[in-house]
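Consider the two complexes below, in which subunit A is the common component and subunit B and subunit C are the respective partners.
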Partner chain A sequence: MFQIALKMLFGDRGKYFGIITGIALASLLMIQQPGILISIFSRTYSFISDVALPDIWVMDPMVKYVDDSQPMLDTELYRIRGVKGVEWAVPLYKGNQRVRLADGQLVGSNLLGLDDATLIGGPAVMLKGRLADLRLPDAVIVDEAGATGRLAKPATTPEGKPTPLQVGDILEINDKRALVVGIAQARATFQSQPIIYTTYTRATSFALSERKQLSYILVKAKSDESLQTVARRITHDTGMAARTAQEFKDMTFRYILNNTSILTNFGFVVVVGFIVGAAVTGQIFYNFTLDNLRYFAVFKAMGATDRMLRRMILLQALLVGFVGFGLGAGATALFAAATRGRAGLSMTLNWELLVGSGIAVALIVLFAALISVRKVLRLEPAVVFK
Partner chain B sequence: MNLKNKILPGIAALGLLIAVVVAIQAEQKTPPAQPVAQPAQAPFKSYIGGAGLIEASSNNIHIGTGLAGIVKTVFVKVGQPVKAGAPLFHIDDRELQAALLIKDANVLKAKAAVEEARATLEDARSQYALVSSAGDRRAVSIDDVQKRRNAELLAKARLESARAAVIASDADVKSTRTGIERLTVRAPIDGEVMQVNIRPGEFAQAGVLSTPLVMMGNLDLLYVRVNIDENDAWRFKPQTPAAATMRGNRDLKTMLSFVRVEPYVTPKQSLTGASTERVDTRVLQVLYSFRRDALPAYVGQQMDVFIETPELPTPVVPLAVAREEGK
Partner chain C sequence: MSDPVTPATPTLAVRCSGITKHYGVGEAQVLALRGIDLDVRAGELLMLVGPSGCGKTTLISVIAGILDQDEGSCMLFGRDIKQFSQEERVSYRGKNIGFVFQSFNLIPTLTAAENVAIPLLINGMKMDAALVEARERLREVSLEGREESLPTQLSGGQQQRVAIARALVHKPKLVVCDEPTSALDGETGRKVMEVLKQLAVGSDRALVIVTHDSRIYDFADRIAHMEDGRIVSVDESH
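And now, the complex of A and B:
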């Protein structure tokens, strides 16, 4: 009987492809859009994820999110080091500085100053050069996206393509010479600016002169106490805001969520995808059942039980659901794989998303099956003779 | 179900497989970047941290010169141990040497003048003796006697004056010799030469200079000048032990012994070495010492210092937190 059900399905090519296309498009929308959304959101705190070593971030109490650095006095570092439960604390400079390219163009870049002695906060993956080379005079490390993108050497001819930055190239940051000693891989940030790594003292000399320069203090807590306890104690003893990495991520995420309309825009598309998917699929599947009503009547006349008919329709629905979802998920997965690690548009495909959209597609096909089953169950076997 | 009908579900299964693979890959986390060197750690239970700057136990002495001039000879090399009083450099002294020749000649001249004055006195004295010894007062006029006596007195005074002139010219010679001696700058204490910023032919300026002509100090014992933020200064107790860690390798550390507290809280300078050093806060400076052979450390180097403190007795609520909690 299931063979016949499948034969029925494959027999009507037009409707078969129609349903599959509907489900594939619906699952495409429902996976890709939230995928891009997750990717954008993870970029808001990608910098905190990249600097994975410290447990606690200490900052000025007025800081609202990670790119909003409110500098502190240099001596705060030593006050933090004196708080009980702090295993180590290192400074971090984070600021926006303008880089002048060879043709005079100014490019806003994210300048990161790492602790001179330890270089904590540096990139995890070095594509060229070594992190320790930052100790060379005037040395900086540029992230790959920046080196191939906005910081690439401008073309010498008007039609030519810009050449990516190489180790040994010279940049100019606020009229000061900077030597590229390495290319690193860094997660793209929300603002998609090139990232330039250097040491703390050099970053403060690159930066325009300000009285306060210390953006963040990165703290590792001693393992015998919870991170929250140490963070609260730092806040309590010094008056600085101390947040665990997770708290800081959440705070940054919430700030972006509350101050942009990204979630509403993407959420709307996902809901539309679900509704359109459900409507189109339900409609075509129902039509398909109506067209085949004669056969179902025959089965009924031949003595097929309601249960058997229900199972046949369910099988048809699940098959189109599986094929449609498989195509949609495969297409988005290829898209995700192709855009991974890129500076521009990219999407993240994770387990939760795959399972969630799978459940949504299952709901759509079950809904389509439900309305068809109702029609078939009410069917009189006599229809076959009409 | 023929082959044709299997194509689409096959593609779908493949798609799903790709999706699962991509999702699994997304779960994988990149390992965090490992630090080039481990950050400094405190060996105490309760402590305050500070930035330390190594200096000589005698302080870093910026040797200057009292007399400006072109440098003729530099006697010492960087790193050379010197005894107190050893010459460091010598400034061109030709002008004073020439003056000395003149002044030496002046001494001879003054001495000759003394002889001359003495001869004159002898003459005046004998002239006066001739008339003063005459028994008959009528043989010489009173006028003549007085004239001769005055001439003797005058000659005596001239001799005194000539003798004084010899002393004066002697003193003048000594003064010039002192001047010449001052053109050789000498080490004030036993120590080691840390910097020589002057070479023969260069002009050495008198006065306080930003770059010292020669820097020296006693390096047998190194001092660490620890800057403690004024907000933490109340936690500091004198005579407490401290530990210093070399930057870049936390295994290189040594215990420090307390020397003294600078009673004056000074504005902190960022130790960037830039020409525009920024003053941002005030710091309490505490001096600690360690033996030179304990660490491969150099004068002028920065260290991370931890000073042991008693445990905080009662929590002190800073203003910013109190404000936050009051909200």
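And now, the complex of A and C:
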């Protein structure tokens, strides 16, 4: 009778495709939206991941998340270097500066000043030029997304395309000349501003004369003590906040989570996806059962047991669940592949998402099967003669 | 009236005694059966005739074990299936009763052969074996070559012959038909009756046909006339 159940299902093309589409859309929403969310959240701390070398970030105690740098006195650097357990410590400038393009337009950018001697905190992957070229006069390195995007040279004709920034181009930061010596690859950040790398000294001069310029002190701990121990000691000895890279990522992530409505918005779409999926699919599936009620009654009269009918309906529901989920997950995987590595919209696809949405789809089809089974089991076989 | 060579108590397929059945409650209550006593002998074709609303369908529903009577007993081949458990009753129906409906009730997305195979599948036979049997039955109702047709590709008479093949495929002891020819024209109806009479009646099998199609009365061994929930007369011979 299982084959019969499947033939009944496939025979009703319209409803079959309707149910499959409903489940596919629900799966898509339930995988894709959290996937985008995870991707966005990972961007909040992508800068901390990019600066891979140091173990501990020292900052002003007022700092709430990575883009919220509060300047410290330059002298803090020397105090940190004196703390027991610190292998080395280098300064990092991180601030927002406006870059003037050739046509006079101002573009907000993230300026990073790296330790002059070591260039620690620089981009891991250089696409053009060399990191060491930062030591040339007025040198800056621009991230690829910025170079091809907001910092690109405007089109000369209305229909023309902007020309990406190239090595040798000149920018202006606070009326000071900046020479592009390289293009680097950086992970997309939450604010998706262009990133401009330069040396610490030059960054402070770009940033005009503020007395305090030190955003972060990047620390490598000696390997004989735990990172936490060293971090706690730095805080104790200097009064500065010291956090391991992981602690700083978590803190940044939590700050964004708590201070934006992103989670609520995406959570809402996921819940809507689930409810609409359940309602639409449940409804069409139930209609499908109602359409076949007469035949279920015939089966009942002819001796089909409740168990048999229940299994037939369950099989139909599970089948549409599998096919619909497969299509939805497949479409989402294509979307994930298409947006991989893009600066704009992108998503993360992991097995937790697939398992989670798979369970949600299973709930949807079980619900659909449940209401249909109830209807069929309550059916009086005597209706066959009506 | 009775044939002298017929044994005094022929094997009974169905023995109904004192059956009553009502529908609804209070003001809206309808007494559909008001004390039915009726025997159906094994090997006979009994027709149940009478005006619309007199309770014919209700009675064969009780006889076929798909509807519970209020009072009285209905014995099928000596057994009172009202005493069975729900499961036993469902299984008894699956093995022993065949159904033919006025509106055919063939499943539109299944081929003729698959429709015919259903009672065998319900009884646990594998699809391949069931289809072999089903094709055999379709040949008997002169539908060779139409095994893979969908119901919509068949004429009314052909569809009813598929339904007859389905009602007989598992060799039930009792076949009940509600208005099997009403949806068909006279000529087609007679052909369907010929097939039914030829295939469904056997020494150990009985056929109960509800009809008010007087054109087919001559196929009956006996005709029971109903009126207002009662059997008013049974014509013994034809």
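Definition applied: the second predicted complex is superposed on the first by the 350 of 386 C-alpha atoms of A that agree within 3 Å, B and C clash if a C-alpha of one lies under 4 Å from a C-alpha of the other, contacts with A are read in each partner's own complex, and residues count from 1 in each chain.
By our rule, a contact is a pair of C-beta atoms (placed from the backbone, for glycine too) under 8 Å apart; a residue touches a chain by one contact, two chains touch by 3 or more.
In this text the structure is predicted, and so the values were computed from the model without any measurement.
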item	value
Greater residue coverage of subunit A in the superposed arrangement, subunit B or subunit C	B
Which superposed partner A:A301 touches (first subunit B, second subunit C, both, neither)	second
Subunit B versus subunit C as contact partner of A:L354, first or second or both or neither	first
Subunit B versus subunit C as contact partner of A:A382, first or second or both or neither	second
Which of subunit B and subunit C A:T204 touches, first, second, both or neither	first
Partner chain in contact with A:I20 - subunit B first, subunit C second, else both or neither	first
Which of subunit B and subunit C A:T148 touches, first, second, both or neither	neither
Contacts of A:Q3 with subunit B and subunit C, given as first, second, both or neither	both
Subunit A positions touched by subunit B in one structure and by subunit C in the second	3, 7, 10
Touching residues on subunit B, where the partner in the complex is subunit A	1, 5, 8-9, 11-24, 26-27, 30-42, 45-51, 227-229, 231-232, 235, 247-248, 268, 270, 272, 274, 276, 278, 280-281, 283, 304, 306, 309, 311-312, 315-321, 324
Subunit C contact footprint on subunit A (complex, rising order)	1, 3-4, 7-8, 10-12, 294-295, 298-306, 308, 380-382, 384-385
Contacting residues of subunit A [partner subunit B, same complex]	3, 6-7, 10, 20, 31, 50-53, 61, 73-82, 84, 87-90, 115-125, 131-132, 201, 204-205, 209, 211-212, 220, 235-240, 319, 322-334, 336-337, 348-351, 353-354
Interfacial residue positions of subunit C with respect to subunit A in the complex	57, 60-61, 64, 66-67, 87, 90-95, 97, 99, 101-102, 105, 107-110, 114, 118-119, 121-123, 127, 178
